[in-house]
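Order as written gives the chain letters A, B, C and D; numbering starts at 1 within each chain.
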Amino acid sequence: MDKTLPSLAEAVAGIEDGATVMIGGFGGSGAPIELIHALIDRYLATGHPKGLTIVNNNAGNGHVGIAAMIEQGMVAKMICSFPRSADPRVFTELYLSGKIELELVPQGTLAERIRAGGAGIPAFYTPTGYGTELANGKPVEEFDGKHYIRERWLKADVALIKAEIGDTMGNLTYRMAARNFAPLMATAAERTIVQVTKLVAPGGIDPEAVITPGLFVDGLVEVATPAQEEALNRAEAHHP
Amino acid sequence: MDKTLPSLAEAVAGIEDGATVMIGGFGGSGAPIELIHALIDRYLATGHPKGLTIVNNNAGNGHVGIAAMIEQGMVAKMICSFPRSADPRVFTELYLSGKIELELVPQGTLAERIRAGGAGIPAFYTPTGYGTELANGKPVEEFDGKHYIRERWLKADVALIKAEIGDTMGNLTYRMAARNFAPLMATAAERTIVQVTKLVAPGGIDPEAVITPGLFVDGLVEVATPAQEEALNRAEAHHP
Amino acid sequence: MTDQIEKLTNAQIAWRAAQDIADGAYVNLGIGFPEMVAKFQPEGREAVFHTENGVLGFGPAPAPGEEDWDLINAGKKAITLKPGAAFFHHADSFAMVRGGHLDVAILGAYEVAQTGDLANWSTGPKGVPAVGGAMDLVHGAKRVAVITEHVTKKGQPKLVERCSLPLTGVGCVTRVYTSLAVVDIEDGRFVLREKLAGLSFDDLQAQTGAELHRPGPVADLIVPEL
Amino acid sequence: MTDQIEKLTNAQIAWRAAQDIADGAYVNLGIGFPEMVAKFQPEGREAVFHTENGVLGFGPAPAPGEEDWDLINAGKKAITLKPGAAFFHHADSFAMVRGGHLDVAILGAYEVAQTGDLANWSTGPKGVPAVGGAMDLVHGAKRVAVITEHVTKKGQPKLVERCSLPLTGVGCVTRVYTSLAVVDIEDGRFVLREKLAGLSFDDLQAQTGAELHRPGPVADLIVPEL
């Protein structure tokens, strides 16, 4: 079993118009910049995929990564907890002019909805958001004298994530706080595509150290020296 | 911050009559034999704690560990998925004579209920058990055309678990399949007590390798050469 | 009738089930008889086996005396690891199951109904009930298959219109490998795909507790020499 | 009135809040102003800081130029690790929060109501709404405290009978550290614990949007030299 893909272009080839795409990362940590930019390049060359729903904690920063996707017009909707950043102009302008949709989800609920999607749990109750406007329309239930709202799972067609070490079977480790949403998104997408900084043979990762077991991964591509979104933004980079 | 405890006896000192106690392990792997036997010794010396509810995947094997707790009469109720083993006589006899209560929970639901208890999720929906007698009395809901039942979280007063390496702040690693329920139980108990095979100073565990972060752990005691329940049973051991 | 023809042995049933497992498939084999399926992976194919207690990518039992009792499967038998294995806790393990991330689960059965209902965990109110992971696994794989004798030791059909024993799951089984036949479950009916060459359809139907349908050709069940 | 007496600086408010954090406590500090509390841990006490994006046990910012942007806090600022730190994913991180495993969460506020309701995420329908982890954190700690100016820049009370801004959570705050006072929330009312020595109760009450109760003694708020 070898899940490696020959190129970034092949890695993002199957993503269709209108797809829901989960993208790992919290701010710049864990953002799979090379996969995102390959997808933008494909869109610029072919006009597809467009009308995407993107799931990420944020809504892009500067003019690279998710911000660049939004800037190029590929994104119809963001599902996120915090659409602000050091430079959120790209999203902000489209949002205020009504050209992009926003589903705002509390961060812990976002994480738990994605986990639920991967774990076969269609709905769960949480205290988060009870009594707030983000609970509007959600069923409320009382357990042991306390109120909770019901939240639904969140799934995606594709997840694009960045990992540190991957073996060819798809087992993954992450690097520090770059882990964040990636292990969850890997479980909740129909197809999970990973850029790994180091690709190794099976057996190259201690079974105790595996964070994402290979069964959640569909394809890997090695990007040996990945860009860091935060560094790109500090250098005021643009893509393309 | 140093969470180490001076002895096994101190580790189990605070467990009260009628407490719900989660005990790690799946069969013999991960069973915290020394903690359990310390608790039995306390009971034999003082008559307490008694009337316990024990949460474990199984209901004991042979005459050591949980089976020995049951045999000594400390246990009022078992919450488990599979109360059978190579030698389940101790539980079986009490159960068939109505002297011990059993709450039978599907294994995945047991794990998820414990996780929910630790994660502040009071209830969740699962397909597991729908249409079976184990769903009796549980609310049923349809999501996207499929039926699910609602399950409640499960919490405990105390968790007794076994880990491989622990630092004095309570960060833990496990050994192979001995991990099983322990990381979940550590999150769902008011007080989590751990026997570790190797105790190290903070910094002695790679932050990437920590499975149970120390915030879930209340006390640790080093048992450098722990007994393996399976090996004890193969040697037909009894406790006491 | 069956007495005159040689039904498949358990090993042969397991062999037949193994032929339908693709290279690289993620597979859970129920404890007991289904574990045997792992022995018969076709040449050139390698499945990745999952066990509920938190191991993916395990291999056969170690040599006697080499057991490490922290490395066991859901049946509490000692196992070994293959390269690319991973450990995880029970909630993550059942997230794999319940989340539909396994390609195939192969389970034993007391009864399978033409609706896909399965009864394999309880023979009724006597004794100590034990369910383990069975109720999760039936909702846990893209394909849930059963391997079983075609009839009970007393000759009663195990493929039935409606299960009489407590259910493990509703409408979950899609294929049954028996000692006499391979039967799919489609739209609430049993569809016969393969049967032993020496067994007539009528004889097979007589040993089956619900109607067997034949919308397409029925192949001969291969009887491997093992 | 306040203009005549010197109110606490942000640093002094943060210092006061830090005095109530026990040695070994697990603490989440909201992004922005609350992060400052970490600087004022009393001698001999060490809290363990949690950040939503999956780090427990982090330390202060690295020296400029030493940042690793894979090692950041929820405010996307570079951090360092202390011995005994741990990484985990976002669901595990919020299991710690929602599961009540943190001892203290300290958050900022636009408004706090005498019922413990908090408004700190939205100033209304204008602009781009952003909530982050605030709604989780208010349900996430054994003790949820707020640090804030006592009044807005325009002089409006921030401690009110009822929040006028969109809520972050209902009945969640138990203590408020302001630039003028320390106020507990008990049984749906504000209970004054400490106030600046030079400030009369009536002056404080005049700057507070709901009744301040005094069931016990009111101590002088310490004004530390920082």
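What we mean here is this: contacts are C-beta pairs under 8 Å (C-beta built on N, C-alpha and C of every residue); 3 or more make two chains touch, one makes a residue touch a chain.
Because the structure is a prediction, the values reported are computed rather than measured.
State the smallest step count from chain A to chain B, taking one step as a move to a touching chain.
Tracing touching chains, the least step count from chain A to chain B comes to 1.
Tell me, which chains sit next to both chain B and chain D?
Output, common partners of chain B and chain D: A.
Between B-C and A-C, which chain pair shares more contacting C-beta pairs?
Result: the pair with more contacts is B-C.
Provide the C-alpha centroid distance between chain C and chain D, rounded to the nearest whole angstrom.
Distance between chain centres, rounded to whole Å: 56 Å.
Where the centres are mean C-alpha positions, what is the separation of chain A from chain D, in Å?
30
For chain A and chain C, what's the span in angstrom between their mean Cα positions?
Centre-to-centre distance between chain A and chain C: 36 Å.
Where in chain D do residues touch at least two different other chains?
Within chain D, the residues that touch at least two other chains are 87-88, 91, 94, 97-98, 139-140.
Of all residues in chain A, which are in touch with two or more distinct other chains?
Only 112, 115, 119-121, 126-127, 174, 176, 207-208 qualify.
Quick one: which chain pairs are touching?
A-B, A-C, A-D, B-C, B-D
Tell me, which parts of chain D touch chain A in their complex?
Touching chain A: residues 51-55, 68-72, 76, 87-91, 93-94, 97-98, 117, 127-136, 139-140, 166-170 of chain D.
Please output the residues of chain B touching chain D within their complex, sorted ascending.
1, 115, 117-121, 167-169, 171, 187, 201-203, 205, 207-208, 210, 213-216
Name, in rising order, each residue of chain B that touches chain C in their complex.
Touching chain C: residues 26-30, 57, 81-86, 88, 91-92, 95-96, 102, 104-112, 114-115, 126-134, 147, 174-184, 211, 228-231 of chain B.
If we count contacts the way the header does, which residues on chain B are in touch with chain A in the complex?
Where chain B meets chain A, its residues are 112, 116, 119-127, 141, 143-144, 146, 148, 152, 173-174, 176, 207-209.
For a test of understanding, state which residues of chain C touch chain A in their complex under the given definition.
23-24, 26, 46, 48, 50, 56-57, 81-88, 91, 94-102, 139-140
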